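Structure record follows, encoded as structure tokens.
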Amino acid sequence: MFSDEFREKLIFLAPILFVISILYVMIGISIYVSMSDWRSYQISLNFVGLRNYEALFSNPRFYTALKNNIIWIILFMGPTSILGLVIAYIMVSTGKEMIFRTIFLLPTAISMTVAGTLWVWMYAENGAINTLLKALNLGFLARPWISDPSIALYALIFVTIWQYLGFAIIIFEAAIKGIDPSLIEAAQIDGASSFQIFWDVIVPQVRHGFLVAVPLLALSALKIFDIVYVATRGGPGLATDVLGYFMWETAFWQRFMADGAAIATIIFAISLGIVIPYALIALRRWFR
Amino acid sequence: MSINAKMAIAYALLIFMSLFWMLPFYVALVTSLKSHEETYTTNVLQPPSTIDVTPWISAWKSIERAFFNSIIVSLPSTFLCVMIGTLAGYYLSRHVSRATRTLFFLIAIATFIPYQILLIPMTMFLAHIGVMGTYLSFIIAYTILLSPWAALISSAFFMAIPKELEEASYIDGASALQTFFRVVLPVALPGIISTTIIIFMSIWNEFLFAVTLSTSPLIRTIQPEVANLRGTTTVAWNTLMAGSLIAILPPLIITLALGRYFISGLLAGALRGTR
Amino acid sequence: MVAFRKATSKTSALIIAAIVLIIIAAIAGYYAGLSSAPSPTPASPTTVTTVTTVTTVTTVSPTPTATPVAKQLIIYHWWTAGGEKEAIDAVFKVFKEKYPDVEIVENPVAGGAGAVMKAVIWGLLASGTPPDTFQVHAGGELKEYVDAGYLAPVDDVWKDMGLEEVIPSTLQAMCKFNGHYYAVPINVHRSNVLWYNPKIFEELGIIDKFGDPRTWDLNTFLEVARYIKENKPGVAPVALATRNKWPLTHLFEVLLVLHGGPETYVKFWAGKFDYKNPDDPVWSAVRDVLKTIAIMAKEGLFNSNHPELTWDQAAALVYQGKAAMYVHGDWVAGYFMSVGAKYGEEWAAAPFPKSVFILLSDSFNLPKDAPHPEIAVDWLKVVASSEAQENFNLIKGSIPARTDVSPKYPDPYRPETAEDFKKSTLVPSAVHGGISKEAFVTEMHNILTSLVTSATAGADVDTAVNAAIQQIMQAIDRSGVVSFWEGYTIDYFITKR
């Protein structure tokens, strides 16, 4: 009945088609819920239009959370990718990549929940960071890292940098290794210093490394929830509140599923702005 | 500056950074082996004067069930994701057309959907079919969430395999499925391993759905359990550190033993290809 | 493009069959392996009212719907800490003596009345597989379940056990909605208590200079704090814990009843005032309280590490002499006793103020689709019995919900509480599921902690307080407090004495 080709297509593709249809339908359901009046234990799906979005946009908390996410994206993806590139370069030039690569990869392998837990202990009043600072006679820099509302956010951002540096390193390591060695040789013959080689040869050639690392890191920063939940619950006050945590608290603490869905839809919409260009570029490289 | 001086500086920098990067693990380990009094009285960087394993024992007692729950949940989910993903990834790597390119694009988008927007409908769905509070809820949820990523990663690996092998198989009269299982998979095994490792670790480390679906202490998985150890009242840091280290044992072991596969999996998933 | 040849041979078919079988086996295996949910009855139409197209064929129930298996009581509660666990075990003991052939299937969920427990219960209720009974705070928290149609009335239990005679009207009101009772309370905790370090108080002569804390007003409280800071700078005048945010809202609710009185308190939390009008008298009381909190934050009268502490760690500061005062509920007494702190030397307690009693109560209920409803009712009757209430509360550190039960308390603090329960004016707590809607309380957590952080950072007090008031107005709007309590009057909640 069905041709062989069709049967094959079915076996190979039907499962994934089924899965992604479910996913896209779920997105649709979420968007519908965000325009419903479900705000209690009881499911209630009457359509109310954009009312929840109006309420969301007039809620100052939305803007603090969004601002925190933006700060997170910028301060996370920038330093992580740059540092990743620099360290990858240094690492490759020593030739002993394997051991260093593994060391930096270990934090990437662990969950954000545990990373958060480990660093809460590191950031404690008599924790490792403050103890180290005092031992180096830099005691005046010691502070209550995650209890101080002006620096708590940055303390958490650093934890994510700590985690994802390994990821950035391996991306740039692969990029560097993909550079035509004759380019480097030519530069060396011309008497360029290491720094010049780095700046004028390596950096331009690994641009696509940035194209890969930056969107993925930005995406992670948008979805942050685990670390905030484990370390500060959005506090002190709302200093570390992010959209992911705001959504969870709205939906599961206040039982305002509709409003939570609205926040989730916003998160999704912003992520599309990152993912769609990323996927298009990646596709072009592949299916050229 | 001479080459040797430059090398020395490079090494020094790397070693210094590595030490700092490993510091949290060191501190966690050292804290987890201290007795209760020592935890709060001694310098946090200093090793315990006598090694006390009670924190590990009581941590294990608290999270034992969650640890096994995670295993029970992660293994079948990983298997299903890899199954579904590799079938799709293989097909997409071999058939390039407008249609498959669109499908690939949709899969790529699906991979990076923030979980927040799937949380509410997924829980509605799972509650509706009556599996809330069972292992099945996790397995269904994770299979749906992570199959696209498995497809993405594995397709990168399949693309690197020359088609000649399959052509030989077809000439011998095998079907696509047979070819896939008998010829392609063995050759693509490293890629399959990478895919499996990435998916397994993603499920093991996942938190948002884990905390929402863990409706009872009986089925709670490891990440919410560790978050729970921190709890709403005073926490015993030595036990908490021990518990955290137990929770990251599988990913750590995998990274140390199978790091190569982990790395190529990450690169493939980042659409970097498997140079 | 490579052409795929040959019809699917037996091998492919076998492979596909194997895959399908493995999946089915896995599913079957896991269905068999589980089980925290009791053997379910299909979701009755009233509980999961929805629009969704995929409805009534909700028959993917894990086990065949049979009559409820053995005689079981499936119960969810959050009493897992030391002291609490023994207390609920004492009630189980009473129950087992009466009904020895009933198996008690206990589901303790750690983390207090937190989101975890509620999400757990919600999941069970929404999927039509509720337990036989679960712990809930009487008041607004209970009402949310009632409104969603998940609970069955328990008027019969109240009648049979004669509870209306022995339970004061405020607590009755917290269990009664739409004219029916929906829960049976087992205990009462007092929220408005001032815990203090007697040595510090004596050293500084606080009581001589400012009077007994039972008589203080809002200004006195602030003055005492300032006095302590001036004369004993190493000690934090007021302990505070904001890691989980709610203890600050707890302080707020106590100060509000202290300064504004019970009517203002109830009006605020139930949204029964002209909240959009900044000149409404309720706002002036709220403003004063917010100002006091902001001033205390700005002048450093709280312990500076409060964002890291949980409620018990803040309490610990008092008996350790690192803080002088702590405004918190009387479960602190249970904590002090469990760590062996000495009453009279390391800690003392005073109702704050004495004339008003902010109460919260743990209660048990009856879900509509409980798998063993008669057993659940038996349980509720045991909970309502004098014996159970006496045994439970002696161990737990609270007092019985029934006023006719008078255990011999070993501690000096509770006899006064029990007496005040009969003699002071009663109002329900807001932070602990009583008078307010949880959505609003959650917003207050964030608003108050933000106020404290900006005041600590040096913001101008009036500006910060005005901003907070704006935020509270929006929060009242957004969280639907007013419609939540529509039809209930202020007097419904206050037992005036």
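Lettered A, B and C in written order, each chain numbered from 1.
Simple rule for what comes next: contacts are C-beta pairs under 8 Å (C-beta built on N, C-alpha and C of every residue); 3 or more make two chains touch, one makes a residue touch a chain.
Please read all numbers here as calculations on a predicted model, not as lab measurements.
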item: Per Cα centroids, the chain farthest from chain A; value: C
item: Dominant interface by contact count, named by its two chains; value: A-B
item: Mean-CA-position distance for chain C and chain B (Å); value: 37
item: CA centroid of chain A to CA centroid of chain B, Å; value: 16
item: Per-residue multi-chain contacts in chain B, two or more chains; value: 83, 124, 175-177, 212
item: Shared interface positions of chain C, touching two or more other chains; value: 4-8, 12, 16, 48, 52, 119, 126, 244
item: Junction residues of chain A, two or more chains touched; value: 4, 8, 11, 43, 124, 252
item: Residues of chain A that touch chain B when the two form their complex; value: 4, 8-9, 11-13, 15-17, 19-20, 22-27, 29-30, 33, 43, 87, 90-91, 93-94, 100-115, 117-122, 124, 126-128, 131-132, 135, 162, 165, 167, 170-171, 174-175, 177-178, 194, 212-213, 216, 219, 222-223, 225-226, 229-230, 243-244, 247-248, 251-252, 257, 260-261, 263-265, 267-268, 271-272, 275-276, 278-280, 282-283, 285-287
item: Residues on chain B engaged by chain C in the complex (per definition of touch); value: 72, 76, 80, 83, 94-95, 123-124, 127-136, 139, 163, 166-167, 170, 173-178, 181, 212, 215-219, 228, 231-234
item: Chain A - residues contacting chain C, complex; value: 4-5, 7-8, 11, 39-45, 55, 58-61, 124-125, 144, 146-147, 149-150, 232-239, 241, 249, 252-256
item: Of chain C, residues touching chain A in the complex; value: 4-8, 12, 16, 48-52, 115, 119, 122, 125-126, 144-145, 147-150, 242-245, 304-308, 438-439, 442-443, 446, 449-454, 456-457, 471, 474, 478-480
item: Complex contact set, residues of chain B against chain A; value: 6-7, 10-11, 13-14, 17-18, 21-25, 27-28, 31, 43-45, 83-85, 87-88, 90-91, 96, 101, 103-110, 112-122, 124-125, 143-145, 147-148, 151, 159, 175-177, 180, 201, 204-208, 211-212, 223, 226-227, 230, 237, 240-241, 244, 247-248, 251-252, 254-256, 259, 262-263, 266-267, 270-273, 275
